[in-house]
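Each chain carries a letter (A, B, C, D and E) given by its place in the written order, and its residues are counted from 1.
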Amino acid sequence: MLRSVIRAWRYVVGRDGREEVDPADIREAVDPKQGVVWIDATSPEDEEALHALKAELGLGATVVDAILNPRERTKLMRYGDYFHVAVHDCARVRDTVDSREIDVVTGPGWMLTVRHPSANGSQVDFDEVARRFEMQRTEHHTTEEGFLLWALFDVIVDRYFEVVDTIDDRLGEIEDAVFREPPPPGIPQTTFEVRRDLTTIRRAAAPMREVVNAVIRKEIEFVDDQAIVHFHDIYDRVLRVGDLVESQRDLLTGLLEANLAVTSNQLNQVMKKMTSWGAILIVATLIAGIYGMNFRHMPELQWEFGYPLALGFMALATFVLWRWFKKKGWL
Amino acid sequence: MLRSVIRAWRYVVGRDGREEVDPADIREAVDPKQGVVWIDATSPEDEEALHALKAELGLGATVVDAILNPRERTKLMRYGDYFHVAVHDCARVRDTVDSREIDVVTGPGWMLTVRHPSANGSQVDFDEVARRFEMQRTEHHTTEEGFLLWALFDVIVDRYFEVVDTIDDRLGEIEDAVFREPPPPGIPQTTFEVRRDLTTIRRAAAPMREVVNAVIRKEIEFVDDQAIVHFHDIYDRVLRVGDLVESQRDLLTGLLEANLAVTSNQLNQVMKKMTSWGAILIVATLIAGIYGMNFRHMPELQWEFGYPLALGFMALATFVLWRWFKKKGWL
Amino acid sequence: MLRSVIRAWRYVVGRDGREEVDPADIREAVDPKQGVVWIDATSPEDEEALHALKAELGLGATVVDAILNPRERTKLMRYGDYFHVAVHDCARVRDTVDSREIDVVTGPGWMLTVRHPSANGSQVDFDEVARRFEMQRTEHHTTEEGFLLWALFDVIVDRYFEVVDTIDDRLGEIEDAVFREPPPPGIPQTTFEVRRDLTTIRRAAAPMREVVNAVIRKEIEFVDDQAIVHFHDIYDRVLRVGDLVESQRDLLTGLLEANLAVTSNQLNQVMKKMTSWGAILIVATLIAGIYGMNFRHMPELQWEFGYPLALGFMALATFVLWRWFKKKGWL
Amino acid sequence: MLRSVIRAWRYVVGRDGREEVDPADIREAVDPKQGVVWIDATSPEDEEALHALKAELGLGATVVDAILNPRERTKLMRYGDYFHVAVHDCARVRDTVDSREIDVVTGPGWMLTVRHPSANGSQVDFDEVARRFEMQRTEHHTTEEGFLLWALFDVIVDRYFEVVDTIDDRLGEIEDAVFREPPPPGIPQTTFEVRRDLTTIRRAAAPMREVVNAVIRKEIEFVDDQAIVHFHDIYDRVLRVGDLVESQRDLLTGLLEANLAVTSNQLNQVMKKMTSWGAILIVATLIAGIYGMNFRHMPELQWEFGYPLALGFMALATFVLWRWFKKKGWL
Amino acid sequence: MLRSVIRAWRYVVGRDGREEVDPADIREAVDPKQGVVWIDATSPEDEEALHALKAELGLGATVVDAILNPRERTKLMRYGDYFHVAVHDCARVRDTVDSREIDVVTGPGWMLTVRHPSANGSQVDFDEVARRFEMQRTEHHTTEEGFLLWALFDVIVDRYFEVVDTIDDRLGEIEDAVFREPPPPGIPQTTFEVRRDLTTIRRAAAPMREVVNAVIRKEIEFVDDQAIVHFHDIYDRVLRVGDLVESQRDLLTGLLEANLAVTSNQLNQVMKKMTSWGAILIVATLIAGIYGMNFRHMPELQWEFGYPLALGFMALATFVLWRWFKKKGWL
């Protein structure tokens, strides 16, 4: 039954590839000197399976509680000889960026990963994690728990960059929209959505820095120097994600302000046009009104060419005013 | 008389459950080796009761003063062999988030809690605190003052999360309102209320971090390592409350800006419509005005179909202008 | 002559109350083992008096300069065996918050306070300072300079809280005004005044923290541990003043933004009403204009009920448009 | 030739006043035990003179480069046994605040000051520097390089305060303008100019703090304790300049927001008036239009008092509407 | 083949100038005691060449990976006895500021530079780098790797200043535009572009500070004290770039706010004019309308001078209203 939600593999030192392990035999399979066992649980809500694991790996109640209640901040915490790392994966699926907790519990010779379901269904590709780990295994001859953790972090940080890239695209779209003539509707809503995405990615990536830093400071003693060099690289890339997100926030604010300024300028333009045309037309109307008065003694009314003159006068007034407003830049 | 506002319980080491203690016998009941006595005072304004406690527990005048004047910042302060911890509970009742000081004085073998009344009447559920303490007691065999404090903090931090959740809901409502067509009135007021709530929860939660950190740094020497592991968890959760509140502030600002942009866009739209219709109608009016002039020689006036022609001309001008404004996107 | 601007009192150890000392005999009166002499100078601009004090207390020229030129930041500075503390009192009198420097020079066995006149005439109540000092003297048996300084700080921090409270009241008034219908004029000005008040109190209170912290770190060696416990309390309260001021700034910003949003919404409302009524009335005017045309062949003009029909038509058009705009929410 | 751009004075220990030194004899004149030689170069662009000084004082090429290229940040840098201090003077001349680098190179027994020309021609008054140095020389018997540096800093910081004062005045003017009825034009431009001034003074004063702090930390070993007490005072005053500039930025932001709110309110007011008068006049026009219709059967037209009745009707409609809008607060 | 994308030069100690080295013989050419070899690769995408270099210089796979994937933050990283420095060059070409990674790998006796192509084609002038390095070589007799790195950094920081200068120019143009009457269109877009430029330069320059600081802290042990003095200078200049960029951001924000205030004021002005002229013209129209009514008994209509009187009345009303609005400052 356990096998339906939990899978486990063993990587043996000096041997390529991995072999599947029965989740019920994890305790026997774990041997720090022989290699590393990776246990992957995809249904953390299945408490029974988790408690079986608890017994197999000798986990404390606090860790199991923390895994069952995934309202954690990205963090690294020591429990005796093993560690609990809660990280947040981030991905964009269909216009929303969603962040999801992945709990990692790692001790000498084993690593347990627990993936919590995300709102948009996106999943970290664990095959890719396995592939990268395999690549490093063949190059380095060293204890391997560190590289397994590194492979997971590496894939997650790559996903951060993917999110940052899609946000870059959306910022480009907003920029085009803001400065198009006329600006299409929906800019405020799109802007707000991007801001929410930025909040999500920042909330996921910012505490990651501290965790990676803790690994670099050798808080996890079974991660050795060769792996730590690679964690340095992840650290720099997490910093860069942070820099990029900050820049994007900055540009987003700039776009919002530009949008407001554009709207404000347009309003001014519209009001000036309105005032101008209003004045022009009302002057013509006034002339028509004057010659619509019923005074007995209005000599113009008797003139042969009174009517065309009046029309001409209207046209002239209209033209003169139009020129005047044009020159003032109101039209 | 004391019993009406003060209650006390004794938890004896190795024995499940608690036994009620007469507040008048607290001095005798306290014995750090035997267990912990929890004294709960619900009416801090009852100075007489407090001074009785002062005598029983050997409290200093400064502590009693601090309890009687609950204008404290969340803090942890040592007085000889006991400690004064002032924390702020936070809860949402009927649309307002209110924060309330809870004074905790704890020494070896005893803990005194003093609850100050909040504006909205919400109270920390002390039965829940007792329940969580009981849970830990059965698991750990250790000095117990630390776990009692932890249970209290745990419940309070849970209440922070509840407040954060209700604020999330309200943010969702505001978002719906901002992007609805047309936006309902009252958005500025709701936004301001949420901002006040955020200020309240932040003021309560931010100094909590320092207090928990002080406990983790073992400033309270009778809180032992087993309890401190649990305080680490609280520390992470307080950090997370801070992160969430910051995100919410950010989103709130984003909503306000979006609201302003939406309003501004709408104003533009309205002004364009206004200008367009004004121009269309005034042109028709001008035509009517022209044929209302009283010139003797206006050939059109004599035409058989002058009137329908004039009406047709008006309709045509209206239609042409309407099309033109439509194409410009003003209508 | 000195006595008109300078007063001095001696507190003798083990004796209640104080005795007035002739300012000319200060040198003889000061004896750290016997107690503390408090000298209070209310006219710092009287240089002669100050220079007399300089001789009596052996002050350096730099200190006297600093006192005569009260453009100081709140600070604590050591000069040989005595200290110069410049603090800023803050009070609200008639709608303005004003901050005023109080120079304190204190050495073993003496404390000199120099009050500079404030723009709004408010003065720290030194009788209250004396009263609080007296209260502590009777409780603690210790060197007393620390408690005298504490009493002064305690009164000043209380005054900070008073200012914060009046600002709370004004924020409440502004909130009422912003969301009233219609908002009364003057909100921007009041908001700006409160902002200035917040700037003033913040400028006074923020460096206070550092000074109190320096005292707690025992930079003034004759302030003993008993007094330092009380300075801890002041430290917490100064922090809380800072927290409150930050919250108030936050709320003020929120109110300004709400005000802008409200104004913006109202403008939208007004413009919509304007557009609607303009359209309605101009349609009626157009109908009137049409039947004011002078065409020979306008059958309606000959009809018996042409006129009432035209009026009815106008009324109908008005009503239909009114309903239409009402439905669109523009009226 | 050198004498035209370079002047030098020697202050001999134990002797009042200074004696002029031929710039060509500086090397002989410098003797740390005898006193201090102050060399003042006013034309740093005269490379020849500077290189002569380089030889006389044994300066490195890097320092001379730094002096010739005054794009430096305020800083303190050690070169062997002498120091390069680049500070920025700040002054307001004719509506602009300008900042100018002053390079100071000081070693045991000598100080070289190089003044770069500022855009607005304002110069630090070096006679005042000399005067203050003289004042301290007579009081303290100590190595004198520190007090010479102090005198220069003291004058520069005083100039910062002067700039801050003029900005205070301008803020007062802006405040008057913002809340005047109607606000005069030009507020945005003045506000922006003040913001630029604040940026300039901040850029000059902020790094000054670090430099003074470095002096206080005894990085320049020939500045002795007596001088350092005076540098403490400068440090506090630089902090205060920073505080004041921050407050002024804050108030400036407040004024801008108030201006925006005032403008926005006025726009609302204007729009309401416009709507009201438009409605009133168009109703009257409509009545006139109705009685201008040419229906054969319009009984009112035949009435004896039709015309005055119509006029009265117009007046009545106008009055009723005027009252109505007045009551609604739109007029 | 290698020679087409990779060039190398050797600087021999004690000998002026440099000699070209065949890239295939780099391994033999490198000898820390003899001098420094500079290898410059301009086509990092040519993996073959890079892997040849990898073999020649004994680089690790991680470094080569980092060079091939230039998504790095400016950083300094140690790999055994050599270092990887990733810096970002910044230049403005045709209205956009573009930033480009330059990878530097340096070990004892050699330095490899890899330039990545930038979007706008601008390239760091490596001849200038060589020239500056040559200048320092002749002056200092020391290990030379440090000065080569310094020369590169020096040129890059100079380019930062050039970018800052062009931004200064653009800010000046925006300022002129904002306060011109009437403001030209396009201000929001230009402002946004400058903001993006500021984001780019800041992202390039900010981490540079940390790298230079690491060099100053002697993390690269073969950079000796003479070179470090020069890195101090670069550090100060990078700080100054940061200060200038911050000031420019501040001014940009100020310009945006000024623009908004100006637009807002203009809108007010336009609305007032509109209201005024609308009222004036509608009053005249109303008068015309009144005398266009068809009442039988309208005595004025029969007057000899009724018509000119009516015209005069219109003119009078127009003039009176015009004066009135003028006095109110609406026209």
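We take it that contacts are C-beta pairs under 8 Å (C-beta built on N, C-alpha and C of every residue); 3 or more make two chains touch, one makes a residue touch a chain.
Model, not experiment: these values are computed from the prediction.
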item: Joint neighbours of chain D and chain C, given as chain labels; value: none
item: Chain A and chain E, separation of their C-alpha mean positions in angstrom; value: 25
item: Separation of mean Cα positions, chain C and chain A [Å, integer]; value: 41
item: Multi-chain contact sites of chain B, meaning residues that touch two or more partners; value: 259-260, 264, 267, 271, 274, 278, 282, 285, 289, 292-294, 298
item: Graph class of chain-chain contacts, one of line, ring, star, complete, other; value: ring
item: Residues of chain D defined as touching chain E within the complex; value: 61-62, 66, 71-73, 75, 77, 79, 182, 185, 187-189, 191-192, 195-196, 199, 203, 206-207, 256, 259-260, 263-264, 266-267, 270-271, 273-274, 277-278, 281-282, 284-285, 288-289, 291-294, 298, 300-307, 310-311, 314
item: Chain E residues touching chain D - in the complex, by the definition given at the top; value: 139, 161, 175, 178-179, 229-230, 232-233, 236-237, 239-240, 243, 247, 250-251, 254-255, 257-262, 264-265, 267-268, 271-272, 274-275, 278-279, 282-283, 285-286, 289-290, 292-298, 329
